[in-house]
């Protein structure tokens, strides 16, 4: 029983890691960032390269990846997303084009391949991130092996959650963000520099993606396409949770994660996945605005 | 006597709060009735309940003695109730003419309309004249001025030719000139349509109406001819907050 | 009326547009510039003194990881042949296409190579799905596909030369060995949810019956999924004593990692795999695979001169981190088999090459290989490797010589009783076998 | 009257081009263009659902896939490759190796669910189902969705999840669908004694014919009164409700039309490419349909159609230019972004502005009527 809950929890935490960034960029800024998965991918590659060349300790890769993905996110907002506010679907299309480009860039070693230069660690191949021993050996509690690494992921997810919550509800920046997402123009009139807020928010959301990438690299292989399916799952979570609601994102990732875990254990993974999709459809049809929609009169 | 609309102890709740509280209201055929009241008195909610936007938790709404309580919006509209919103709601990307072609909805079923092409009718021309938009009939409706937009939406309701017209603050944001223009548009309709208006501007109210219903806290406070209402103590009482009825 | 309006709308404006919009201009011209040569190019007469062949491995998309190296090694082999004077005294010119890991694109590019460039042969395809998607093209235009990947069998096409292993070449040695040598009897069979793993599992179960093993369970993970938490938990609680894995692609990596993270040990509960090759081990980090077993006719550690040459050459060609593995080796030697065949045929004609290819022998890095004249699959030497901490496999068991490929082994096809012969698939036999089994 | 003329001339030219193309193209490009034209039909489907109804279907691949499989099943049974292919009791070859040992060798019950194939022995049935099943599925999902007043991005997510769900099931049901390998080695499509070899002009003309037909149909639908009302709904659902229209029924209707077109496209794709694969249901494919429509002009059926064909030609040309072998996806990505940034209403939008400007001298009334009927709605800023 503990096992089932734990597995579900761990699936949920991974979903949340990916969804959290989306919940912010989409919820607060009305931008569907299809390149979010690629930002996760870049985070993972940051870990690969940092460990390979600078042998940065695994844990420190996370802030590093946060910076890298964050910076790229910032640039994305400045160069691309900025021109598309209020055009939801267009943000989806443009960022999808961007994801295409990012994937291919990694594959061709950021263009170096054209010059015949190959950077070991980049390129089309599968890469991996060595996980320090203290994170891999399982701990035995009450006759049940708790996986250290998955527990670690859950922990980090919670910390990031707290950090985000604090940023949004306890800082003036968060105040401005909430103002902008409530009503961009009014906020601007009250002297909030909405452009700056947007840029930083997008950077932050992207940064979270980077951290998610580092953590995922401990569970699976790192390759240029690893992000493509993540972004879909992320969206299911955000939308089911209710756009713009962090709480919703938490709830829905918890629900979807646990359901997935349960069905996978009792039946099989294919059915589990099907169940999740079916659940998503059902929830949206019953509550067209998501679980935690902010509803007004 | 012949009532187009009669509302029986209607109550509309929003999570516990009674926006409309056991209200009774009768409107005779061909009448122009104005509902006034301070903000939050429940005027707009009343309109919502009639037009199907808000659902009644108690009571009945009888339209031509058919019970239309909590019908879906489109059925109520088909039954013959047209509504103009406080914030004008029109099809900005369609031309004025197209707006009216859409509004001309005697036959609303899909399959029927798949085999029809949009067409102009005498009625559309009449309405265009009435609201004075003949000139800009082929401009995108989004380009109209605020006042024009108000008239145009009013026009959409007229094209529908409903037995009962609901007007939610038709003069909101209009200049004095525009307001008086609106007033005589409405007066021209008098008799042909039954009209229920929610309005603040007493000058305007005087210019169009015979009977007033005053709402307060979701209940009917008073009902009667303009003069009588204006001197009604309870009404003045209720209005103190909003600085006297004249300027409400 | 409707349509004309619209079409004119667009076409009418093309002209005006090109003066006006810069972006458009470049885009349009770009399109023109790109399209025209390709259309003409595909029909242009082939220059004399060269023989063009198609190379059809994904350079992008999900399976590019593996396919790109297969594409590289193919070019390497062609390069070798040209250095040795080409074939029929002509230079071999590879035409590389990128089918982007997507069956629709595979079909499109196969058309380009076969119908457009009219090459006499194409080397390519990794997944069965992609092979199936290009098959119609090859069959309709009587062209020849050289397919280097181990696959599930159950195909009997005149237009494909299969140089990868079929189930009997990976399993007939493996399952008995696990039972007898490892002494593990209770099999928990897992795989990615598609055709190959399911067929492998079917053959495995037949062999289990024959050798007194015990089948515990069959479990499949959606293709491309990387979340193994639940599955590994199941394995732990299943009471099996060996995990038999037909997991493919990057799911493999996630699986081995999860396996270790959940504290399962290879000596108590070893993973025996049919897909986990050097490239996957390198990808997951050797420490996760140590002491697991894999059955392939080729490992980088095969000890013979031609393999040493091959490995050395490939590393200098593709970088020192590059590893060689079964599918890679097949993609390599099949090009040489092709060269021999076309020499024998004496002309660059697909069906002539096919005729000549049947029974063709070659001393490949793994040892002698031969194309079986009956079913156009290849004789290979079964081997079993044990993963080492350096990411290489220690060969713990190997056959003396290659064994015959039996694409229908699952239904009791035997060397003396073939279902797929030079005359095509013998359906009555197959159905009889089905009735009996 | 200028636009009218331009349109007339343009359409004549385009039709002429389509007719003479076979003479100019070799077998390769003949077949290829035919395939791209099936994408063109997808473009039309997108324009109707997305451009006019504001329904962003991110799972359009589902209906394409269904259409493809329905016809492929018939062609599989007719194929000589299948056991007893073309005889009264054929069995798709793959069912043999998916059958439980000793299973009765009859289509009724060789594998669980194989009986579903029985009616597909008649090719017309496959064709019929290729239209009916997408319609029914779209009807079901559309009805549930739109009656619950699901809209905007939520529609997108539902359609997306649905496609993924279907893909999962399709692959899992290997004994009936041959799973991930899809259906291949099919016979040529033949109807009324006429056989359609994918590399013959005949097949090309079949596709052109259907494409033209669907263009006319779509154009006729969107310029009908229903089409106008549909655009009204896209502008302001509630307003339309208060005018007495049952919004859901309109959305469902056009959702179904779009699905049927997609299904048809799927069938024609099978006719020209001779295989059906679960990858038709991939998100990437559905997304590229959206991109086609966006680049061509989401609010113009013709624009979306040409967008689909144009982008397909462009990408295959780019990917086959040796110099671009590694870079072509960078190029495509850049084009998508550029199109979204600089042509928010797609190419059709640009063309309309130009036509507008040229038509200005004449009374705007004369111009706006036909424009309203054609792709002119592309002047609407994208929603």
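In this document, chain identifiers A, B, C and D correspond to the written order of the chains, with residue numbering beginning at 1 in each.
Operating definition for what follows: a contact is a pair of C-beta atoms (placed from the backbone, for glycine too) under 8 Å apart; a residue touches a chain by one contact, two chains touch by 3 or more.
All values reported here derive from a predicted model rather than from experimental measurement.
Touching chain B and chain D together: no chain. No other pair of chains has as many C-beta pairs in contact as C-D.
Relative to the C-alpha centre of chain D, the farthest chain centre belongs to B.
Our note on geometry: chain A versus chain B, Cα centroid distance of 49 Å, whole angstroms. Between chain C and chain D the centroid-to-centroid distance comes to 32 Å (mean Cα coordinates, whole Å).
In terms of their C-alpha centroids, the spacing between chain B and chain C amounts to 72 Å.
Residues of chain D found to touch two or more other chains are 168, 172, 223, 284, 326, 329, 335.
In chain A, the residues touching two or more other chains are 103-104, 107, 270, 273. Shared interface positions of chain B, defined as residues touching 2 or more other chains, are absent.
Contact between chains, using the touch rule, shows up for A-C, A-D, B-D, C-D. Residues 221, 223-226, 228-229, 231-232, 235-236, 238-247, 249-250, 253, 364-365, 368, 372, 377, 379-380 of chain D are the ones that touch chain B when the two sit in their complex.
The part of chain A that touches chain C in the complex is made up of residues 3, 7, 10-11, 14, 103-104, 107, 118, 120, 124-128, 130, 136-138, 145, 147-150, 218-221, 223-226, 229, 260-261, 264-265, 268-270, 272-273. Chain D meets chain C in the complex at residues 3-4, 6-15, 25-29, 31-32, 35, 83-84, 93-94, 96-99, 101-103, 105, 168, 171-172, 174, 178-182, 184-186, 199, 212, 215-216, 218-220, 222-223, 273-275, 277, 279-280, 282, 284-285, 300-303, 306, 310, 313-314, 316-322, 324-326, 328-329, 335, 338, 342-343, 347-348, 350-352, 354-355, 358, 370, 373-375. Across the interface of their complex, chain A is touched by residues 59-62, 64-65, 68-69, 193, 219-222, 224-227, 229-231, 233-234, 250, 253-254, 257-258, 260-263, 279-280, 282-285, 287, 319, 321 of chain C. Chain B meets chain D in the complex at residues 51, 53, 72-75, 77-78, 82-83, 89-95, 98-99, 101-103, 105, 108-111, 113-119, 138, 156, 160.
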